[in-house]
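In structure tokens below, several structures.
Two complexes, one shared chain (chain A), two partners (chain B, chain C).
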Partner chain A sequence: MKIIVFSVIMLTMVVSIGYAAVGCTLNDPDRDIQRLFPEVTNYKTEFITIEERGGETLAKEIQEKLGDTFDPLYESLDVPYAFYTVLKGKDIIGYVHGVNQKGMYGGMQLILATDPEGKIIDFYYQKLSSPESKKFRSDAFTKQFVGLCLADFYARDLKGEIKDPSENSKQDYEATLRGLKKNLILYDEFMLGNRFDKEFILKEVSNAYAQ
Partner chain B sequence: MRYKAIIIVSFLVINTFVVQAEAYARAIYKEVNMLGGYSDRNEWIGEKGMMLKNSVGFEYFDKFSNDYGDFLTVDLQMRVAYDSQQNSEDAWAVEFHNAWVEHKFGLGKTLRLGHFDPVFGLEPVLDTHGALLQTLAHENIGFKKDWGVGYRSYIGELDYEIAAQLGSGMSIRHKDDSFLLTARVGSTLGTDFQYGISALWGQTLKSMQARTLPVPDLISDDATRKERLGLDARYEIGSFGFKGEIAGGREESQPAGGGLFEIDYIVPKLQALQFKVQQTYWSNDLENSDAKTITLSHVISYKVTSYLTVRAGYFHDVYEESGNEDDQVFLQFYFFG
Partner chain C sequence: MNVLSLAYKNLKRKKIRTALTVMGVAIAVGVLVSLMGFDRGYQAALTRDIDKMGYQLLVTAKGCPYEAATMMLKGGGGLRYMEEDIVKHIESDTRVDKLTPQLVATEYDPDRLDGQGGFVMYMGISDSYRDLKPWVTFKAGTWFSSLNADEAIMGYEAAELEQRAVGDKIFIPNINKVLTVVGIFDRTGTQDDGVVFLPLQTAQTLFDLPGQLTGIGIKLKDIHTIGEFEEDLYNVPGIQVISMAQVRGTILNLVASARVMANSVALIAIFIALIGVINTILMSVFERTQEIGVMKAIGASRLDVFKLIWMETLIICAAAGIIGNVIALVGSGVVEIILRKVLPYAPSGSLVLITPQFLASAFLGAIVLGILSGIYPAWRAASMIPVEAIRRGE
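This part shows the complex of A and B:
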């Protein structure tokens, strides 16, 4: 009897708190973050969902910025996105954040390290199910994203600039670009307070061409 | 009384740590496991081995930080389970799975206290909670998790972990000088090929049921002496995943050992669908060729949504030492989200 009462109390507590789907966290955050930021002393972890920050309305905005719709299996609104704020003492020296993305052969996990202004410092695949994974994981491919920010994904034709490293995995290449753009949009939305406004950036580009 | 005191002190310690802290990394997952099957030997059954029963539960995961970053992680994962093999009075039980507090002393230096995986073989690097296919942990050690203390760190490209635990599994007790010491050194996670080398030394207790409360009866009051060395590896290529582990050593004075091999396949065009085949071999007396269990398992898994998975499994005992070979089929609805 005591067990049943105890169980009901525990479950009631849980039901009242809410729930979330499973997101993309770093496998080994201490090691990964130290590799990305050698001067790090520690980091803060945050889990943020689209559901809690704006629900359907925010999901619609993000999909418009992305130019694609969410996959219900990989991108449900209750997926908690993990953001690691990298610290040196009390000072913020960067961020690390990852997303799940549907690939050709299964889910991929794309991890970005960015500086506090939103510029990519490093990019790697935490998970990639591909027979050509070595080509995708190679520095020759991943280092081409270093220095880019969300504005570049909005305004430039990155498919023309960063070539597909594979021979038969074009879908994984396109999924990588989509996943990185999604990652940066979420980072901008949740951590940078919408610093990179898509409409503004596109107008600037359009004006530059007009001149 | 002693255990109540331990629990109260633990809560006080946790409270002291977290009272000034911020918690932004909180995740709450509900879990419902509905499982049913048919066995040649036992006809209709409602549980898969000792570890997987019809149950409801939750996982509460939280990280606490201050201005200088994260310093404490808490994970509590428990179930209320119905054991269809027991009479109605004993059928309901509380199971603690993960129940630990981890304190970080610096980057890559973490001390864990509570109920967690012994660091041996594949079990500490795989999430088998709720899965029809398990690792060798239950055959090899006798349980998947144990109460105690562990330390985790890394050197160069290698991760290492050591743990000192009670040797009692899900229930908290110490009897006949029971203990369990484990250590594992492995490659870093997140690469296509991963491997680990493990060692185990201990005297473990064997319970009649896998549960925390009510405290289960022991099969024997005597602890079983175990010494093991193990190797494990995982490899992913395209839609295929391969897993394997072998372990060998002594069970009391007898040579004991076994292995596991598993192939997983995700259907590229329908990634919610996955096929798995696993073969396990275990013997607690390698000198006696009849003292072995060989099982071939097949599982089809379909992820209906991000939090609901339906699985069907067929389990065939190729050889069972007591001559009780069985064939089992299972259907499982698993909600986690």
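This part shows the complex of A and C:
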């Protein structure tokens, strides 16, 4: 009997501690999407990689827009990004998409709910390891992103508007801003057909003039 | 009379019917080969996984499996612990080659699962861990600087999920402890890939379990002494011994019931295929009653007719044996994907192992099937009286 129990433990251990492939999918898509979009009637899930949509050239372009380079180990071109297209009847009422972002004490999972125009409706951390996680998860911090879109990330330095909620976790605050910007760039690239490219070009031109 | 050529020509006259019959048998053969391959592959993979644990016996505190099961299933605490002194007692036994003490601890992380909270497992290990698992290598970094350092080594997948590199920090909630990642193990294909390892003494201090262990992995000098060694350990109070061979046997038993079901389905499929072949050949015999009558009237013997019909059955089954083997080889990848989805515990490595012996046995089995299923139709054809056969066929 003990052997059976032990064997069951072994099976359970493998199942429970076995980590999933590194992408950023919702823990419970049915529940999460219903919570973010109460009027949802259906949703469609797509997994898209940079590799299949443009490879090295696209990766270079995204890094340029992000203003940072990808981590060669954890942001490789074959990472699958999950996009949930939220439907009400036949109409698209929004999207839910997430990215993994390296944080100070562990991997973060940053989930955004956006409207079809690209504006943030909601933002939350699906995963976050930090001694100051409560401050990061608080509405006071996360709700500041509601209403922003990629154009805002391109046009101005949001560090001036959205304050770091932590005392000793500046790295997590900066990682959050980077992760959200990356998330919006990927969303714009994969789902919106680069709608916000003109804002990026404008910013680049103004930077060039300033120099 | 060239029986083989004539039988082949006869089968070609009804191409679709012949093809469908061949496919029916081929699919049954393919399923059977895949199942045999799974049986062999699963056992090999499981044995490999258990061997990768590095030890043949695991000593735990009495009652531990039940509580550990509760902990794993319900995410609560409550592991049983044993005194570290037991290590010295076991170590002094001359039958022991190597042993490694372990301390498993869980800590509640309120940030897990979208802020709903969950448990994270940590494992305290000592230098002897590497003696028992010499194949475990570092993807990056190195071993702990000391057994009480504030350091961690991460399993491959744990590091991937947490996006940790050597030099990064990890945070243990509740006890508010920050540790530095000094190493990341290469992928081992075992549950160790998802574990965060700490130096044993660090784990004992952090989780307030001084001098406590949850398990001791033991490797013996001579595997044949395992029975008596196990018996001796049963006399030590407060502990229980679990043999990895028993664990392997138990898991295989759990899988065996599913295997019996699958094998039964395959046997039914083969039986249906057998009926199908008899039916096809018998139909063909009835359709050719007049032709067979004429053959006999112009000099064909009973044996000639018997051989002809029998050869047709053999051709069908031999072709099905070859195609079935090809289906099994090509489809083994698909079977593996399906098995991994439906099995609760799928060991690492290939789950379907199709050997040349399986392929040869399946082919020979198909030939035997042909021999058996051809007897009755061939006998019916050979027994026809020429005049009656010609008249009936008119």
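Everything that follows uses one rule, which is that the second predicted complex is superposed on the first by the 177 of 211 C-alpha atoms of A that agree within 3 Å, B and C clash if a C-alpha of one lies under 4 Å from a C-alpha of the other, contacts with A are read in each partner's own complex, and residues count from 1 in each chain.
Quick note on the criterion: contacts are C-beta pairs under 8 Å (C-beta built on N, C-alpha and C of every residue); 3 or more make two chains touch, one makes a residue touch a chain.
Not measured: the values here are computed from a predicted model.
Novice: Using the touch definition from the top, say if A:G89 reaches chain B (first), chain C (second), both or neither.
Specialist: Touch partner of A:G89: chain B, not chain C.
Novice: Could you tell me if A:D30 is touching chain B, chain C, both of them or neither one (first, second, both, neither)?
Specialist: first
Novice: I'd like to know which partner A:R195 touches here: chain B for first, chain C for second, both or neither.
Specialist: neither
Novice: Touching A:S129 in the superposition: chain B (first), chain C (second), both, neither?
Specialist: both
Novice: Regarding the shared-chain residue A:P80, is it in contact with chain B (first), chain C (second), both, or neither?
Specialist: first
Novice: Output check: A:K119 vs chain B and chain C. Expected answer is one of first, second, both, neither. What do you get?
Specialist: A:K119 contacts neither chain B nor chain C.
Novice: With both complexes overlaid on chain A, does A:P72 touch chain B (first), chain C (second), both or neither?
Specialist: After superposing on A, A:P72 lies in contact with chain B but is clear of chain C.
Novice: With the two complexes superposed on chain A, say which partner A:F47 touches: chain B (first), chain C (second), both, or neither.
Specialist: First partner only.
Novice: State which residues of chain A lie in both footprints, the one left by chain B and the one left by chain C.
Specialist: 3-4, 6-7, 10-11, 14-15, 17-20, 22, 27, 32, 73-74, 102, 104-107, 126-131, 133
Novice: Mind pulling up the chain B residues that touch chain A in the complex?
Specialist: So the residues of chain B in touch with chain A come to 24-30, 56-58, 60, 63, 65, 67-71, 78, 80, 92-94, 104, 106-108, 110, 154, 159, 188-190, 192, 213-214, 236-239, 241, 266, 268, 271-272, 303, 305-307, 336-337.
Novice: Any idea which chain C residues touch chain A in the complex?
Specialist: Residues 65-66, 68-69, 72-73, 109-115, 121, 157-158, 160-165, 169-171, 173, 176, 178, 191, 193-195, 240, 242, 246-247, 249-251, 254, 344-345 of chain C touch chain A in their complex.
Novice: For chain A, which residues count as touching chain B in their complex?
Specialist: The contact residues of chain A facing chain B are 3-4, 6-7, 10-11, 14-15, 17-22, 27-28, 30-34, 40-47, 72-74, 76, 78-80, 82, 87, 89-90, 102, 104-107, 126-131, 133.
Novice: Which bits of chain A are touching chain C when the two form their complex?
Specialist: My answer: residues 2-20, 22, 27, 32, 71, 73-74, 100-107, 124-131, 133, 137.
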